[in-house]
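For reference, the structures are reproduced in the following blocks.
What follows is chain A paired twice: with chain B in the first complex and chain C in the second.
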Partner chain A sequence: MDFQVVVLAGGNSKSLTPLVSKDVPKPLLPVANHPVLYYVLHQLEESNLKDLIVVVEGEDAGLLVGAWISGTFVDRLHVEIAAVPEDIGTAGALRAISHYLTAKDILIVSGDLVSDVSLGAVAATHRRHDAVVTATLCCVPICGSSESGSSGGKDKTKKPGRYNIIGLDPRKQFLLHIATGAEIEKDTRLQEHLLHAVGQMEIRSDLMDAHMYAFKRSVLQEVLDRKDTFQSLKQDVVPYLVRSQLKSEAVLSGIPQAEEDGNEKVSFPNNQVMVSQILANASTPSFHELYSMDPDGSAQTRKTHKCCAYIASSSSYCVRLNSIQAFMDINRDVTGEADHLLSDTVIGPSPKLGTKTTVGPHCMLGEGSEMGDKCQVKRSVIGRHCRIGSHVKVVNSVVMNHVTIGDGCIIQGSVVCSNVQLQERVVLKDCQVGAGFVVTAGSEYKGESLARKEK
Partner chain B sequence: MGAQKKGATARVSEDAEELARHPLQAILLADSFTTKFRPITLERPKVLLPLVNIPMINYTLAWLESAGVEEVFVFCCAHSKQVIDYLESSEWSSQPNFSVTTIESHNSISAGDALRLIYERNVIHGDFVLISGDTVSNMSLIQAFQEHKDRRKKDANAIMTMVVKQSKPSPITQQSRLGTDELFMAINPVTKQLLYYEDKAEYSKGFISLDKTLIADNPSVILHNDKQDCYIDICSQEVLSLFTDNFDYQHLRRHFVKGLLVDDIMGYKIFTHEIHSSYAARIDNFRSYDTISKDIIQRWTYPFVPDVLCGSSAIKVERQGTYRASDVTLSRSAQLGSFAFIGQGTKIGNDTKISHSVIGERCTIGSNVTIEGSYIWNNVTIEDGCQLRNAIVCDGVILKSGAVLQPGVILSFKVVVGQQFVVPAYSKVSLLQQPTQQDSDEELEYADSTSGTGELRSDKLNGAIAPDLSETASELGTGGVGYIWTVFEGAYDEEWRHSVAPIPTNKLVKLMLDKDEDEELLTQDGNVISALELKTDSDGNGSEDDNNEDSRDDYVSFEKEVEATFLRAVHENVKVDLAVLEVNALRLSYNMASVDCGGAIFYSMMKLAVESPHNSASELHRNAADIVTTWQKLLKSFLHDIDEEIEVILKFEEMCLESAKEFAALFPQILHLLYDKEILQEDAILRWADEKEGADESDKVFLKRSEKFIQWLREAEEEEEEDE
Partner chain C sequence: MDPRRTARTVSDPKVRQVGFFTPAPPERSISDPPRFQDPIQPPSPSPTQVNDHSPSGNSLSPVMIPPAHHHSDNFLRTALQATSPPKAFSYSAKTVTIPPENEDVASSFSPGRKVVSAKSPSSFPGVKASSVPASELTTVSVVNLPPGISEKAGGASVEVQNDRPVSAKTLKEKTSKAERRALQEAQRAAKAAAKGTCCLCYSDSGVSVGYGYVPSMVYLVYFTFVLNNFVPVDHYVFLAEGTKASSAASMVVTSANTKPSKAAKPSSQKNDGSQVAASEKKGGDRAPEKDRKKDAPHPRMQYDDKSRVEKAKKRAVVKQTEARNRVELFRHLPQYEHGTQLPDLETKFFELNPMHPAVYKVGLQYLSGDIRGGNARCIAMFQAFKEAIKDYSTPPEKTLIRDLTARISSYVSFLIECRPLSISMGNAIKFLKNRIAKLPLALSESEAKSTLMLDIDRFINEKIILSEKVIVKHAVTKIRDGDVLLTYGASSVVEMILLHAHELGKHFRVVVVDSRPKLEGQLLLRRLVRKGLSCTYTHVNAVSCIMQDVTRVFLGASSVLSNGTVYSRVGTACVAMVAHAFRVPVLVCCEAYKFHERVQLDSICFNELGNPDAISKVQGREEINYLDGLVNQENLQLLNLIYDATPSDYVSMVITDYGMIPPTSVPVIVREYRRDHLWS
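After this line comes the complex of A and B, so read on.
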């Protein structure tokens, strides 16, 4: 397949502090004892897409991520690590690595995506329509699904969040409108001529842009070159391409060398139309083609390009790890209802459990962890080499590696990062404890974020 | 309202059998409250106009009867007597199980008024069908009614079901094949609830804006541009009371439907019912008259086609969709093309060609006549050699030999077209003169009082046409009778949209090109929106630039006016007070601020000084001093605060750079002069100096020149402060 894959792994993330830090950049944040990046790479490997560029923000993070990948995926994937400066946005990151891109189409995946959507299917959709961009859309995850007992109470009042407003054609193949970010809170403005061309448009607010795109490389690079104010793929580039699809300014011909000086475009060769129609496998031409025809039905007078949508089936799992809540949800889901995402066995080898200690379903214990007597673990993930005392309760929580938990601790709905020490009788409820933090004996915290001061 | 609602809920709770006890009722509006069919409708109500030789209302009533409606209330207003007389004499007055009752009004000007009147009569007892008398349909109402009732049981607020049909508007003209404007509707695909309705899309400037709450409440919304509103509504009783409560609701769609959609207090809901294989359309304008006539001839409306409605013995369908009545006299050499309809008692001469046309009863058509795509009603005489293309010819018209009707012509009753006369395209010809004060409310499309009085006029007319016609004869050639109505300014361009004639190709091409340009702009606009911050910035800049552009133009002409006024004042020794008054008047008419006046007056004064003869700089200074002294009061009356004074300095600076460079050397002197004359306060001068401090070097030329003066001013000020 002539696809190049770019994984935008990110680096530091403010919304995830104190979970991420210099030592643990976001791509390496463990989700069910695997770095989050593992899920994307695993999925790519499954789809037989083995040529990747992983883009990491920051040199240090790049080294860390590179070390992990070469350790884990050696011989399995051909990965190049590209470190880019921080805060240049996704579009900026792509500009920075533009010279690596050579294939006809580029698949861009966010590194924080935990999903079982087949990338191969996205790529195939993209190819079938000869699209300029294909965006993957998935159903909006319901924060804290109903199965989760303790957090259920507060979630019931929560409406499913809205991430995007998306316009689709009647056959749900083409993307006609996309609104992200602040635009969602405004009234939706739809282009009239697009509606004229397509007849009817379905506007969905229950779909989410999964940040998994296939782009035509020539177009992507040209847009990035020409629109140097564009910061983000999701908020700038994709909406721009969607908006201008019937009045294309981007080069469309399959020939990558087409001279691109503003408006002097090589007109779409006619056989190209034929090919794309055959590829589209459609007896009726798409509205793009109809629109671009002269009334006499012959030559193409207008330049159009196609923006496709791949809608993941509602049963598939697709969540981005971009908040602490999402982190908790993903941990719970990966060990629970979406456990097919992990090819490995869920329970690691031989954790040592004391007497009368119970581990409920949907739990994961990392290798080499030890637990004392009469502990209870429910719907939680416990990392590797943790030492947990007696009479400890861990419910709906994530405990990372090398954590020491004293006797009689109660941990609910919390995240405990690596190398944390919890002394005796600590009670944590809905807290996040940053790496290396020491919680003194007997203290109780509720809804707080605890972290070591950065030196 | 409260009582009404209680009644409604109580009724809903009763079971379906209880509901079924009410006879199925329908309200038929026999007045469309528009003026689109003028001049024809000045003499005959629209519902009685023949549609393939049968009055429109018959199609509607026949359909209602077949659809199981038992009671129809026909609301008539314009020409109500004609409608009532017609219905009384027709078969409809004596049908078993189908009662037709007329409700007459003389002062209703809209559908809203009609429904309010019907509410007062208290004749509607349950769900009813609301249609107008120009609807042609063969859909089954039973399913739609059932859906409506089922919804009502679940949700008492579901008070109306609108029937819609697939119909994609033309990509070029953006109007449907019925000649109606494009329509945007947002419908929830699951519940079929109507969420948005917009038929006047030209105000949207290329964008359709959906309210954010609409999208928040509905995870999925389908926005349709490819549906046509059939104007068949299944309503609950509340609809009538709603019209009564909201006495300003006039138009069924524009006020009532949109009103309900935006009103979230009452929570009333409108739903849609889409029909797929059956036919439903409303004759809204001449184009839909043409389209629907063709549909009837091509039997899309079966069983409501002429041969069935009139009984198959009277009219026979032949091959190629030709309909011929039993006693047509057709010359052997006449050619009847496809889809032609010839009514009873019509005579057609030699070598006449007729295709895609409807010819009424008892017409006489001569030889060598060509008729294409035209609608010729009853008792029309067409003499030899006439040519008709895409025209409507009403009863009793006479076309003298050789007359030609170009596409889109409407000839109203009893018009006579003279020999060899060519009636230009899109003309509307009537024996009645065009009403001078046309509806001011054209846009709202209510017939004004003329629709009520039209009847009277036509009565008068029948008696007294003859005398005053002689003078108009020339308008339609020798021997012609009738007035050609003039088209309003600007409306001419739009005439083709609703005409019977197909849209000419060159028009389409032109539209295409226009549209392309529009879109060019739109996408550019769209690009502007791209980045959020960018959008606001560049948008803002864009509009500011435009404004500046405009206001600059305005300002230039304002300045000229002020200058002329000033010069007149100087030469004619006008008193200062009067000059002030005149400048003020100018200021108001140009919508300028007094800041601009000050600048403009000062500019005129200095210009006068420069233009007065002078040999040296000192003479120029003296000139300026004289003028300033004479007219200081005028200038002063426009300088109320410091900002305005600064404006004068800036103006002066600009002059020194551009129009009156001679002053450049005198800048500090003039400044001093203005200060001495107390036209400028020292604060203003100092503020100007401060502002200029940060400017470019090139901008500071004059500041430097007047440095001494400013220095002196500053010191004076300090001294004053010390004194205090």
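After this line comes the complex of A and C, so read on.
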């Protein structure tokens, strides 16, 4: 279908420390015992997109991610890894691989997206409107506050302030305004001429940009070339395109038109005009076309381009892993309500459970984990080859691989990374324990982030 | 009007009395006394009436059908202003340049691209995964699928060690050699199965078809196979994986495939197949057989036939839920829950491998209503086909003619699922298939492709664009200063006529009559007003009031059938009837490629059903919700018809590219000219 897929996998994310470290870059952060990148790649594979470019920040991370992909998706996907320097932003990353992009349209997916939004639908919307950019919008996950129940109180305070302000046309097809959380101040400026052209704009703050974009390649490359300062797709490129959709700079709409004209034959020049006119008259003109017309004649004087929005239905799952809270939410959802995202079984093949140990619903136990007697596991994910002693209580938590938990520990709402050792009677509440950390016996922590000191 | 109706029922009780039909009227010249009791009724609606209105001494007699060659030359010279070759109506014209191959293709993924990692599909698949060291993009995982990006060389390199095990069979069985063999085995078995069923089906047609290798049979089998391939491909694979032993596999697949091949048969393939088989046997009269095949009536599913609908569903690309509450009279037409089709089709965007993106896009646009109008749909379809042909390459061991025909058929069936074809599109498809079938076998692939693309361009240019120009030229002679012209809906030809007349400096007024729910007239109105025409806009409800001022009615048509019936946007019949009652001449403008030899008496047996929500809700006004909650009631049936049929009685004249003719002369055009030009 002439689409090229770029997965922006990221590298070391600051917002996710101490979960993310040199050894575990963000794409490989396990979510329900699968690296988060797995979800995106799996989704792509499901939609029959098998040629991918995965962009990773940092060379070490690139090596790790490449090794993992080659091990997991061998013979299923045709993946190429590109490692780009860190801190050049998403736009910079695309700039770095720009000359590998050849297809007509580019689908850009963030590597930390856990969703079941149909990629095909986004692409189809993009194609149908012949848009320059199509952004996928999904409902802001309400689950963070409402369903997490016991640990809910805290989330509510964290959530607000991150909302996007998104303006849509009345038919919810076109993107008229987009402002991401960072730039929202007290006032938001809307463009008057845009409002004039559209007539009516719907402003919503309950939508989230899912970081899944379809771009027209020529335009994307053009913008990246011309605007050196653009750092991020979300904060610079997309808003720029949306802003300039009615006064598109000549190059932007000039290129696609030239391509189309190139296809047509010169033998009947007059007739081509008529053909295109018939086709144009056949469809209901969008405000772009109406605006581009002169009020008196039909000559197209103003260049426009279309920015579309694909709004995922509220039933589909779509969350980005960009904070620790999101990490917890995704872990819970993937094992719980959104378990269709995972293709394999929830409980691994051979966890060894002691007597009177109960594992509640929405739990996941990796293979080779052992648990002692009288343990309780509720709404938690436990990785592979963990050894858990007796009388341990794990609630609403994520325990990664190779973790040793001593007897009598209580872990609530926490993330315990790989190779951590919890000695006896440790009490953790809302903590994050970095990889390889050793928590001494009997200590109690609440709401802290524990990590080994960097050497 | 009443006496007429009673008279009709008496005269022929079998005629269904729906629509605007007078009973098969005696003779036009014999006046029917009860008919003219109504004082408004005109004494005799003869086509010459129109001619009386035009004092401009028009050289073309409206009734006369001009001789072919002489006239086409004339039209072209005058209408085209020498922009096109002089003998454009005949396909043997040699002045048209063959379009050069497009270079843009290089920027897209083309299947035949080199992959540096030295993996051709035929090499032993799935065993080694290569890393390409000297490239910035590092291939870490390779599938057998050919199109790769790895060919590009880069500067600085990041190497990822590929120390993964050599055999990776467990991940995807599909690619191992044994499996592929099993798949081939399965396909062969499927062919055998289809062949078997064919033998059964056609043995009674008098043609003895052996079980052995008959080329035509292979064609037939392939045809059905391709059509069936849409959905069940995975199915084959699965079956093949399940049973390794070839004999067992073939048995299973045979039984599994008998059904789909049967399911495909209610369509025209039954005809095609038997005829091709027969022609192969007879040898001599091959060409006429082929013609007949192309002329076979377009398959029309009767959607109240449950078993067939079930079967059709199995091979459908678009999953669509059928609407439940359908009007009894129209049960035989397809109607789907609106809104179920689009999302489903969209999610499959990347999964429909055989579908060309351009065709897919057009299908989406049909489905969402982004393209409408007979000409526009036809042009869009042909342009998509042109793209598809440009990217087409004949698979090994297949001939272009047969494979491409099958490919086009699959595209067409996809488009039908998106929206039923219009008659004009059906004609255009017939034309294209005919051109493909008539390709000389000696032609190379690129030559054949360019010939076809040229043919498509020609069709668009000559049958649509030129026709419109000629029609405009004719129709403008019927517009005089001070006229009040009425049009209904938004016809592209009528729009061109009005604009052209305006350019010529004629002073006239336009009444645009529109109707819910599409309100296409508003778009037309917008364009007319912008050009400075003085317009009146009204809805069809008011047509009887506004008709008093009107001096001419110009209507577009989706098709003109050979009994003179005009098949057009719903409401046209109503406008034409009112105009007839007011003795206003009704001029129908229709390109000759839209003519069809079918005879249709009412608008029931063949029509299209639109989205019922469109009439139950008023767009943009949520407060009008009187029907909320009623829509799913058992005893409420919503009917949103798209087309209706105007009987020829109400049509004074049909303006077409061969001149202005009375509707009774349509069959002449269909017979004489379509054969000569369209199917030659």
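General remarks:
Everything below uses one rule, namely that the second predicted complex is superposed on the first by the 406 of 455 C-alpha atoms of A that agree within 3 Å, B and C clash if a C-alpha of one lies under 4 Å from a C-alpha of the other, contacts with A are read in each partner's own complex, and residues count from 1 in each chain.
Criterion: contacts are C-beta pairs under 8 Å (C-beta built on N, C-alpha and C of every residue); 3 or more make two chains touch, one makes a residue touch a chain.
Computed from a prediction, not measured in an experiment: that's the story for all the values here.
When the two structures are aligned on the shared chain, A:V79 is found in touch with chain C, with no touch to chain B. Annotation for chain A, partner touching more residues between chain B and chain C: C. Contacts of A:L49 after superposition: chain C is touched, whereas chain B is not reached.
By the document's definition of touching, of the two partners only chain C reaches A:G66; chain B does not. Legend: residue contacts after superposition of the two complexes on their common chain; A:D373 is shown touching neither chain B nor chain C. In the superposition on chain A, A:E202 contacts chain B only, with no contact to chain C. Residue contacts after overlaying the shared chain place A:P239 against chain B, while chain C stays out of touching range. Annotation: chain A residues 170, 295 touch chain B in one complex and chain C in the other. Interface residues of chain C facing chain A in the complex, by the touch rule stated above, are 83-84, 96-97, 99, 102-104, 107-109, 126, 129, 136-145, 147-150, 152, 158, 160-162, 164, 168, 171-172, 175, 343, 345-351, 353, 357, 360-361, 364-365, 368-373, 375-377, 379-380, 387, 457, 460-461, 464-466, 468, 490, 492, 495, 523, 527, 530-531, 620.
In the complex of the two chains, the chain B residues touching chain A come out as 168-169, 171-172, 174, 182, 184, 186, 189, 201, 204, 206-212, 215-216, 218-227, 508, 512, 515-516, 518-520, 522-523, 526-527, 529-532, 534.
Looking at the complex, you find that chain A touches chain B at residues 162, 165, 167, 170, 181-193, 195-206, 227, 229-231, 235-236, 239-240, 243-244, 246-247, 249, 291, 295, 302. Across the complex, chain A meets chain C through its residues 1-4, 47-51, 53, 59, 62-63, 66-67, 69-71, 73-83, 97, 99-100, 102-104, 118-121, 123-125, 127-128, 170, 259, 262-263, 265, 267-271, 274-275, 278-279, 281-285, 293, 295-298, 313.
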